[in-house]
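Heads up, the next two complexes both have chain A, just with different partners, chain B and then chain C.
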Partner chain A sequence: MSGSRLAPPFGTRIERSRPISFLFNGHVLAGLQGDTLASALLANGVRLVGRSFKLHRPRGIFSCGIEEPTGIVDLIDGSHRTPNVRATLAELHDGLAAQSVNCWPGVAFDVGSVNGWLAPLLPAGFYYKTFKWPTWRLFEPAVRRMAGLGRASLAADSDRYEEVSAQVDVLVIGGGIAGLCAATAAAEGGARTTLLCAGPVPGGTLGWRGDPAIAAKIAKAARAGVTIMTRTLAFGVYDHNLVCATEQLAGTATLPGALRERLWKFRARSIVSAQGATERPMIFPGNDRPGVMLAGAADKYAHAYGVACGRRVVIAANGDSAYRIAGSLRAVGMEVLAVLDRRPNSHIGAHAEGVRSLAHTAIGRVIGSSSVRGCIAVAADGHSTPPERLNCDLILSAGGYAPAVHLHSQAGGRLRWVKEASMFVPDGFAPGLVSVGACAGVFPQAIVAEHAEEVGRALALGFTVPAAPVGGLGRSLASSRLGTARGKQFIDLQNDVAVSDVGLAALENYRSVEHLKRYTTTGMATDQGKTSNVDALVLLGELTRREPAEVGTTKYRPPFAPVSFGALVGRRVGSLYRPLKRLAAVDWHAARGALFEHFGNWHRPAAYPLAGESLHDAAQREARSVRRSVGLFDGSPLGKIELWGPDAAQFLDLMYVGTMSTLAAGQARYGLLLNEHGVVVDDGIVARLGEGHFWVNTTSAGVERTAAAFEEWLQCEFTALKVLVTPVTSRFGNVTVCGPKAWEAMAAVGFDAALAPNSMRHMTIRESAFGALPLRVLRASFTGELSYEINLPVEQTGEMLERLWPAVTGRGGCVYGIEALEILRTEKGYIHVGTDTDGTTLPGDIGFARALDGKRANFVGRRSLLRPAARDPQRLQLVALAPADGRTLLPTGAQVADGVPPTRAEGHVTSSYWSPELEAPVALAMLARGSERLGARICVQHLGRRIDAVVVKAPFVDPLGERLHG
Partner chain B sequence: MDEPGQSVAALAAAGISVAIDRSVRVAALRYFDVEEFSLLLHRVLGEGLPLVRRFARGRCIAAEEPFILLWRAPTESWLLCAAAAPIDAVRRDTAASHNACVVDQTGGILALHMSGARTLDLLARLGSPASIPRVGEASSGRFADIPATAVGLDAGEFLLLVERVHVDHLLEWIGETLTDF
Partner chain C sequence: MMRIPCILCGERDESEFTCGGTAHLVRPPLEASDREWAEYLFFRDNPKGVHLERWRHSYGCGQWFNIERHSVTHEISSVYAVTEPPPR
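Let's turn to the complex of A and B:
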């Protein structure tokens, strides 16, 4: 194939007056504005573009669009490297640099091409059978290095991406004649209509052919109010008519840091798919050589880009379209040596003037290794006529068409096999989606336009949508392979899957096309088998004596085409990676030297290290200070929910393990929240503010799911209960004053004397005031010390901290963070749901067996706790651990086991800290039969290290709980 | 001190301005019987409960203070006002009620005022179409990955009601988006 530019008028897409310079494998080449990388390479006579995935066979440009299986390159632009770009879609711009993939040291001489010689040893699924001794891992690195496509960049992507939502009445996908007609009719019918066109200009085949009628169609669509979006590819149809599409914004040039892609999320009342059809390749030996390409692609390169992909052309045909293309190529000046039609004469319904046509003939061999230098024409039956050499430099494949049924299938539509034209077409409509044009199996232009207009009008006006008048392709054979030929006949060019591989799969009794795909890899990777799927399933059917309709297709799943991670991520990078909740008093904490970390989606202080102090040392100092004096803590993230209604008490009894209805106003009680499986999902304190009014504290990370669970149970199960659930976490700040001198500090700044420990008992709540500031003060403790949780209007949190600060520091106290809190609660043996528990932990596992037995009323999860598994004596149970030597910290997450794997683990360490109070390590663990093993010696294994430990009684500090009361 | 959004420079680009309206007070009105509570509101505020996904503007009968009453859910509406009087008035009249209660969310829910010809374009980059209200509507959904309630005050003028803890995230997202306008 020796490409060259054709003289005008050919080249509707290019601007000859605007030359462009670009790099391919380090060589400077010239192209024109409007070129794709593929058209520019072909115009420069570049035949060898890359190497194949497995066998490293030489590969060139095969198509002219999204279906491209072989013309894959990496684009390099400064620090950017975009892997696996289809050269057929890459718009050329000045400075574009492309590199071949999967080859070393270069595409012309590739060491990996040795795989071609080893091909008999590398059939489908070879890695399931070979390279097993002594171990697959020995070979895996080399095998993986030899296979693959492009290389991803290791540098951060400096480009920007965004996500946009839109709502339309009719969304038309495809900018060809069918799409334009449907969109125009819909818009004229009054529907808000958007048309998505994957390419830089709408018009489809008629457009690049320069048909003047198409300009009028585009103008008419614009006049009708159709919003036409170019460079926008719909890649998925999801539930409720959600269509996702990517819009390429950089277009012809890329500026670092520029907005590069936009992810569109359309909600459409109706979707029209007008994505056209993909040409099916012919199957013959050597059909992967550079210089073999789809016939329609060569036609498009000639007319749209003014590129003759070769001078002497042979067309391997299995459809009437070959003759139209033969005529079209002759018209641009290319010599068509012959059309080798695989079909018998009786099937052929067209001819090309001045072109030699041989029926029942196929290509028996391709001459040339890295480019086509000729071919051998043979009789399809292998013997009726003698072989003939044809000295061509371009072989075109015209094997019929495969309608693009992907979106129809994604939307839930079924397919049917049209035997005459050997294609799958939509079987009726998919929910919310109608196909028009070639993707519906409708090919004659006039019928396409008429049907599409009727569809557009019907969708706009709510009429019955007309069925697609499928037809217009003539007759094609289902299979074009040569049964007797020697040499590899490729089905899937991208994955190096040949007829022999499908044959092997059939021999090994793979009958499902889904299994065939996984076993042979046909239809995988960047092209998702757009040119191979139908051939593969037809062949499987042939080999297993089934019709293609019986074999069926693989499930078409989104995305229709590769989507960049950047587009999916959108703005969610850096600090916007996920929404973090911010404390109202963040500035106050920052001014006190807070070291912020992320806890349960909150950005909050882990500790407040002094100069030169580590996080560990700071936490130790803070915990010590709380035990000995007083600590100030911002507990604002603590989940807060108000429950109101006459049945609130009854509802809380149903939701919590504890009984809340017996609480008097002003009393509070700890509660465990279970799901319906009896698993502990949250805990907290319920306080009664009034007869039907409760204040519920949840864990900081659990408030949304707890509120949602409350709502779900109220709306779905306990529908007779009158309860209103209102989350108020954001409304209330929480300043916790904790330690033996807590009340002393509070009294010093003027808190109401009624809050003193001798008048306000542990586990009570008071509505109080601090000056004009309304407060809800709860006496509850997660540290084991005298503790006041002061809930106040959130905007006053910083002020309150500031007011208490001198009173706290004046008593030797300090502000403390999450790390100190974890130490303090571990010293007391208090659980932290999610740290000490997991998705299997039942209340009995953490010491709540008596509470369960003592509650007669029903509650969520109760029935699950009656299952035998819930009463299994081998269950993991919460215990306290101390190292046998009294000094070695037990690593959190370490396994409790007598030996290293495969010895079965008996449990694991869940929380472990150095106790500043005891000056020794303290730990909590989940241990099999833990409640029976007090005093037992156990082994903790961690990264090959063994640590002896003893099961001890919790709490480690203040076992009688006297400090709670001040 | 402690006011969200302080670290973000004035958000204004392409004719769009976004600012936290710190004067807005928010109260969640919760009720079981819609009709009964609507009558109460009508008596107190001169305006009954809004229809689904709608909001109503009015002036409190007692205090002549303007307010917005917006639908949130079948048992919840929000009362927005600059002065405490409308909220206090409703709270007073529901104090003895077994049908309804008032939960003051002032300070916990903040109002972002957005205006400008391209505000809809901005909202389309924050949330899904179903959550973007038309004029006269109030709808809840996710904006910039966080839950929020949007109020379509006028053409090109919206309120976005969002939990205080999320405001910084939302403003940063909006700032990033406006950079590309």
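Let's turn to the complex of A and C:
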């Protein structure tokens, strides 16, 4: 335990007068307002935070920001459990409770740490190589249980999330000096400018260092009209300058049901990336031990949070930045034992006053397992000077910087390698996006400010954007591995990828950096390799004798940092996930005891069970009463489209199987709708209301697709036809009266005598009226009974049902739901498109082969019906099935197959019900060569059960169709 | 997500549109060979560069129209009616 709080004035972010108490693995610890969980843990001397992904090695806090690979915890907040939170970003609040990840029973004594001994069995790509005998499946559960990080909550998330779209002229991403200068200049130039700052306060490095100039810069930005958004992280740049960002609304404790995150979708004319740079770690044996961290992070913990991460510091370096940090740490009162610089003297371009500096020296070993207790300094070549023990308690890594080029790359920008500073920087600008400051490879503060201001001004006023004056980082060495050392040297700390894994990949000829990434998983963890990507590709270059520029980087893709599912889902949860359509007469149905279920997007009555009656029994009773007397049905969801225009008839001939142009006014005809592949996609009834006026009924689920298909064919192919398509489903209610006493019931309440079955034939339509109410009455039937579909203004549906109700019930009838309808249509052998048909069904397969013969039009899908595959005699065809024993219901979806599985299926059951009329099961099926197999015995197989069935003649009920006519 | 210029309504977010794929396909007559019909149904160029394609402003005016779009940069260089010939 060696962390401690420094005395004032250090600690620009913390408020010493506001203590906070929090829990870590059940222990009560104290922090201060303004702390992050990481800074508070370090202040309490907590080094060991969690166990690593694969090898269960002890890990601690490594950085002070978004790049954190190892300081990962689960946050538990009341009923919430947020897994894999980076402790470096979690703002401390009273009552915060954090728990270590991937360890059991505890982080200090972890059974899984035995994996460290098993490391030789777990090299890169181990799942392709080891645990192969006898089978990977034997080992997989254990391996999966041992790997991973935090645990997700099993409870529903009670927080709310929302989504906002915004348009801006200039969107600046990053709240440091570069971002502030660019945003201010853009706003002063008249551009609507928003600045996104990922942390709780803008100001960047200068801000936490306490530079007095920064407050003035922030004030100036606000005066210029810049909208500054804090705790807002841009995670992706998408097509046409769309930037997505998440705003954390609950930086502190959340109340259940509170708005937690907001997803912003910014459409920007210009984007400025000012995301800074990430320090590159050094690579040496034991470089993952708790107590090893990035040099800049220790500097920030000291200045921003007043936390000394250790007392005696050794800095491992291969860049000039190490010396500045050494000086900075001395100034806060930390003892710097030595800077161990990997480079020869001739390459070192800086020094720190009063700090011992050893050139051409590296760390050969870290002493201490769960906390650093010292290190052994060795000559970089392994032999020229004797090893020396340094009794440090903190080892800092200063390997140079990697500019945050992610957004530039996401936007389509190219990168170039700057050899002197060993870094990739943007090569020019990305389309729509300009980088400024450290993420552009520009480091000296004065030059950053000047360049950023010029960029902001140019974007606002439309001037040429000035190129980035890259430089100012000093010299840094790309190669940072210690070739002679023993022990694991880590590249990717979060995914436990070591130098040896990259070496193995190179040995096995995974030379492409994309292959390296997939094979070793380097850079694929939740930190997306922010501290490992450049080291990995530099190392691959060394191992394959190529320059980093030649090796290149993997493609940067969104998201830049993890995004919660909640933020992406927003309000689209619960009843808003898939909003349901409700019937206009929903209250009437509820009052009649309807049992509602979801059919497509509709909330509809499945049946109307009486007290004590099951859904099945209710449907049987309802179906029986339709056959015996009369039933009332709300068919309002039925798709309805009106077609107008002189070419409407010709158009319908081109859309449907079945000729519609020969219909006289008042006549109706069944039609099948195909797609261009010849597949049946919808069916329904087309009725002619006048010369250039048609009424088209589609399936309830298919009306939107059908209307869209009509529009597409009209607008894109049959462009000469004059037709107007008007979907009217929601305009008309549909009350269906059905059964032998249907007309009797209608006549009893006063419907026009002209609608009587003897004057209005089956498959005709009449414009009629009921009192003042205009009606379109269609005689068509999906049940095989005399049936009137009364289309009326939708808001009158409930009233019409209520008017007919006594006349129906007075004749022994009832109201029926979808379940009864399914029974009735199956008894008649009528198909339900999408249930009995699928994406392979052609009209010939369901008995419509002859419908094509007399027709001339080259209707949609027709040519596909002439392909050899369409005429294959082995095709599945619709048949009616009955169980051989006359009693056993054939399960819907069951396969038809002879022999013992696994065997080739020759079809499947598509609809199956108990028929109340026959008091026996009835079923429809798709069966190979079905049309020629009448009378054949087949075998239906279901979960190991075999049921014998017979192909029978459809329909099961009223084969001559006499009932249709009443 | 792109910004797509509807031929009637102007620029809108891509989420308001439906893509109809390659434009200017010619629908063969009933007498076409199986090969010609298969090419019409299934064979498409996949250019790295300029692509002519159909879009519908489904959650807007409902109009179908053609655009010329670069498949790498997504730059939309032309918007024209379905019945118009391709640009250039």
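FYI, the second predicted complex is superposed on the first by the 954 of 966 C-alpha atoms of A that agree within 3 Å, B and C clash if a C-alpha of one lies under 4 Å from a C-alpha of the other, contacts with A are read in each partner's own complex, and residues count from 1 in each chain.
Please note the rule applied: a residue touches a chain if its C-beta (ideal position, glycine included) is under 8 Å from a C-beta of that chain, and two chains touch if they have at least 3 such contacts.
This structure is a prediction, so every number in the text was calculated from the model and none was measured.
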**Message:** So in the superposed three-chain picture, is A:Pro793 touching just chain B, just chain C, both, or none of them (first/second/both/neither)?
**Reply:** first
**Item:** Dominant toucher of chain A (residue count), chain B or chain C
**Value:** B
**Item:** chain B versus chain C as contact partner of A:Arg731, first or second or both or neither
**Value:** first
**Message:** Output check: A:Arg571 vs chain B and chain C. Expected answer is one of first, second, both, neither. What do you get?
**Reply:** first
**Request:** Using the touch definition from the top, say if A:Arg267 reaches chain B (first), chain C (second), both or neither.
**Result:** both
**Message:** By the touch definition at the top of the document, which applies to A:Ala708: first (chain B), second (chain C), both, or neither?
**Reply:** second
**Message:** Contacts for A:Glu642 in the overlay, against chain B (first) and chain C (second): which applies, first, second, both or neither?
**Reply:** first
**Asked** Where on chain A do the contacts from chain B and from chain C line up?
**Response** 165, 265, 267
**Asked** What residues on chain B touch chain A, complex-wise?
**Response** 1-4, 28, 30-32, 75-76, 98, 101, 103-109, 124-125, 127-130, 132, 144-146, 163-169, 172-173, 176-177, 180
**Item:** In the complex, chain A residues that touch chain B
**Value:** 160, 162-167, 259, 265, 267, 571-572, 575-576, 578-588, 602, 642, 644-646, 692-693, 722, 724, 726, 728-732, 793-795, 797-799
**Complete:** Within the complex, chain A is touched by chain C residues 1-3, 13-14, 18, 20, 27-30, 32, 34, 37, 41, 54, 56, 58, 62-64, 73-74, 82-83
**Message:** List the residues on chain A that touch chain C in their complex, please.
**Reply:** 165, 238-240, 242, 265, 267, 412, 431, 676-677, 708, 711-712, 715-717, 719, 858, 862-864, 866-868
